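I'd like to ask some things about the structure below.
Letters are used for the chains, namely A, B, C and D, taken in the order the chains are written, and counting of residues starts over at 1 for each.
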Amino acid sequence: MTLPTAILQVICPDRPGLVSSLSGWVAANGGNIRHADHHTDAGAGLFLSRLEWEVEGFGLPREAIGPAALALAERLGGEGSLRFSDGHPRVAIFVGRQDHCLVDLLWRTRAGELPMQVPLVVSNHPDLQPLAADFGARFVHLPINAASREQVEQAQRELLSELEIDLVVLAKYMQVLSPAFLLGAPPVINIHHSFLPAFQGAQPYHRAWERGVKLIGATAHYVTEELDGGPIIEQATITVSHRDDVDDLIRKGRDTERLALARALRLHLRGQVMVYRGRTAVFS
Amino acid sequence: MTLPTAILQVICPDRPGLVSSLSGWVAANGGNIRHADHHTDAGAGLFLSRLEWEVEGFGLPREAIGPAALALAERLGGEGSLRFSDGHPRVAIFVGRQDHCLVDLLWRTRAGELPMQVPLVVSNHPDLQPLAADFGARFVHLPINAASREQVEQAQRELLSELEIDLVVLAKYMQVLSPAFLLGAPPVINIHHSFLPAFQGAQPYHRAWERGVKLIGATAHYVTEELDGGPIIEQATITVSHRDDVDDLIRKGRDTERLALARALRLHLRGQVMVYRGRTAVFS
Amino acid sequence: MTLPTAILQVICPDRPGLVSSLSGWVAANGGNIRHADHHTDAGAGLFLSRLEWEVEGFGLPREAIGPAALALAERLGGEGSLRFSDGHPRVAIFVGRQDHCLVDLLWRTRAGELPMQVPLVVSNHPDLQPLAADFGARFVHLPINAASREQVEQAQRELLSELEIDLVVLAKYMQVLSPAFLLGAPPVINIHHSFLPAFQGAQPYHRAWERGVKLIGATAHYVTEELDGGPIIEQATITVSHRDDVDDLIRKGRDTERLALARALRLHLRGQVMVYRGRTAVFS
Amino acid sequence: MTLPTAILQVICPDRPGLVSSLSGWVAANGGNIRHADHHTDAGAGLFLSRLEWEVEGFGLPREAIGPAALALAERLGGEGSLRFSDGHPRVAIFVGRQDHCLVDLLWRTRAGELPMQVPLVVSNHPDLQPLAADFGARFVHLPINAASREQVEQAQRELLSELEIDLVVLAKYMQVLSPAFLLGAPPVINIHHSFLPAFQGAQPYHRAWERGVKLIGATAHYVTEELDGGPIIEQATITVSHRDDVDDLIRKGRDTERLALARALRLHLRGQVMVYRGRTAVFS
């Protein structure tokens, strides 16, 4: 029903005429722009643009659109990336023992809310194998300990490569990924169970209870080498009171975790997130 | 510090090339676009665009920008409107006895949050005269009853005309304006004390209490002939419980009323609201 | 880990000494009160109380607590009800074709968030049979048309009776239950896809889009003979914009529906909701 | 219209029978309890209770209620405090140059939302003198520098003592109070412009922008010797995006600051906040 679109992201040094150059190129090829959003970061001197237009009737064959668009971005002194709205990136979900994010992501994928495929679920625990099976996803159990970490990450990377994974989602995967892993991996999105930068690190709900805060939250962010320091995509909060003990915070937190992660993932998959200088512009 | 910008709104039938035509015109005159936002309503077949660029360095003298821009909009078969970010529209605030919205708007104006002037406060009660005086606004007391309504509206319209008012804000003015008044008046923004369309009409907080709702709200909207039926700009809600009686709803409601009205007004003043077919597109 | 508690709800005419009478009875039997919450509706002249105390060490045997507590409530001229926190009421979930609420409730039940059993899922469509099976719930498919409605409701009531159902949850069951059904049935909780009283009746998301509202919502309420008019337990909202079409409202609405229904159900199951005069007091 | 009430707060070691002892004492004196709320912190082994009953018809003369209630609390091995709902505590507001919290608090006091008097506004800058004058509050200008700090604090304490101040509110007072000041002062409530514990210390909005968070907030808390570490009363947040620069965060933050501070202050003034072990129980 919805016609497929091409989605172009461009980031380049700011100067007059950029919106015109980009939209003019689309128009010159007969494209009908459905969405166009731009942002100028004056402090950084950068221009960010996201253009979305219908593939049907566009003057270039589908396989030629990407190269042409990236060449245009280069001519503007910047970088571009192009995807199609009917593409379904291949996503690997890493989990531990907790199932709430996994069941939510798999259900949303099946319901068509998340335009992606899930060919792989990886865990260091066997618990969620049946859940992955319910939704037809391959489950690989790779236990981890201090001695085996390097070797396990090597196996994980081989799986990602073999299955041509485009994105890794850490859906309550309670392990820290090494810089070496991140270097060779596709983008990684994590859900952290606090409103960062509050309660970075371990056991945020216990520490939130101890501090007596009146709201808790969750943060979906890209993973970088700096623990809990990567670009934030989405944050959600919920109020708590003195009647809530740590178990209540954990229970309430599950809802914010699920929502923040699902929203962030949808934004990423639709090409609505642009990352630059440790932060994101989210064109929603 | 912030450089003044020109803000162009265009609404026209949708077709390929519109973003390019508009941004191309700005570029051709050497303009540096700071914000560009567009929306296509596929069902209505309409394209809406808001462009904002720096006046300094633009190839047309300030007084020529408006006519040229509107001519461009006409060539696209649509309508345009142009304003400058350093303009301060002249706003008349209509009030009754309640002061919370008035004090909030006057304070925000003084604090620079609302780019406007308030040369006139009109009321059918004398109560808020001192408050208007504190902020240096002229206060005109025009009592209303059934017999005098038509005559009073006539006096109000003369004031609006004489003082060259660009916008009327009903800040808890508990009177209904007649179609005749609206026909000749500048745009009118009202704050209604419910999350419309719930509880249209009178005494929404009493009716909310009776219905036992768990949230109350406020709606800022443009006024049309249809009571409480005009295009919605902004809505805000707050949770309530069985412990809240009607007075508590009224007290809590004041905060949502102030916030929804102030946000709507700021959006309007910055040219971020476009009205079409009984609804708004809010480019925020 | 958590010790089981007895939960007493009492509603009676207001007069001095009621808190003392109730808590004094618990103390006289050696009970340790964990939670005590009260509400006086001055207009209605009613006192509502919820007391929760540990069963262990209480001076009455478990099976004698209920009768004694209800006799106390009667002596106060009111009505009482008693439940135990370790009871798991038997809940029947009625569904149509949409699965988001069902999967959420079944998952939360399995995760221990909702202290209940689900021995029965009823639907007028066969679609959700596999989902019920995944979670081990019996699924009964009873197609409905105008001619068969009465007969189907009769079959539903026999199922409820046979399976000793304590509560019916309408989790996107798109049929209206007849007064006759409601008369003989256990309490029924419904999720309505609007922030009532806005958009009562059918197709609320379509009508919300047409009205151009800036927020949508969901309402969990007890079902009475008056369509969409029963006592409200919980409401949730989410913001929308001009960029959201009807399908987006439906998608976003699913999240508010799931959350509002799950929260309402948890409150009900823990005896935190008291209904009186068409409204609820929610002791959370 | 609303009858005056006595409000008793008790904190004592938890044991069976406490609700009964407290409510029994009120009943024995013929009191009609309007609100009763309790909390048990199982980990700390503490019981907290708030009782509110009508003064009229109570069996003790008004001046005898306090001593009798505190004696009761002592017999339970704990501590109590008593206030009357028609009391209007004397509050000193400390400010810097920013006026948004001050104007809000003064307006709410005049509107009857905050049951308090404001006999004193203190500032290290002269800017807000006219605003205090508008609302009839005495304004004392006490400039501070490193050399004069100790002496100024001495002058402040003498003012508090002379004017019999019950509570100090730091409404954007950008100075740190010394331990010596706090030792001799009445309770102090501060508004911090972040959702603590994120961005403790100076310039939270700048740091929030740098981190790229998607929400900002404000925290109202009691002031202790530990900077930004005192018991939290209320927190509020608002969403932000990449379009918001630091000035936008500051502007949006003002609304959360005003709301969080006003709500916290109202809760405190109505005796709804109990402090223990570095945290609060808020009976709302």
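By definition in this document, contacts are C-beta pairs under 8 Å (C-beta built on N, C-alpha and C of every residue); 3 or more make two chains touch, one makes a residue touch a chain.
Only a predicted model underlies this, so the values are computations on that prediction, with no experimental measurement involved.
If you compare A-D with C-D, the chain pair joined by more contacting C-beta pairs is A-D.
Averaging C-alpha coordinates per chain and comparing to subunit A, the farthest chain turns out to be D. Averaging Cα coordinates per chain places subunit C and subunit D 37 Å apart. Note: centroid distance subunit A to subunit D, computed from Cα atoms, is 41 Å.
Residue positions 243 of subunit A each touch two or more of the other chains. Listed in rising order, the residues of subunit B touching subunit D in the complex are 99-100, 103, 107, 111, 113, 134, 243, 251, 255, 259, 284.
The touching residues of subunit D, counted against subunit C in their complex, run 15-21, 23-24, 26-28, 30-38, 40.
By the touch criterion stated above, subunit A contacts subunit D in their complex at residues 39, 41-43, 195-199, 211-215, 217, 231-235, 237, 241-243, 245, 278-282.
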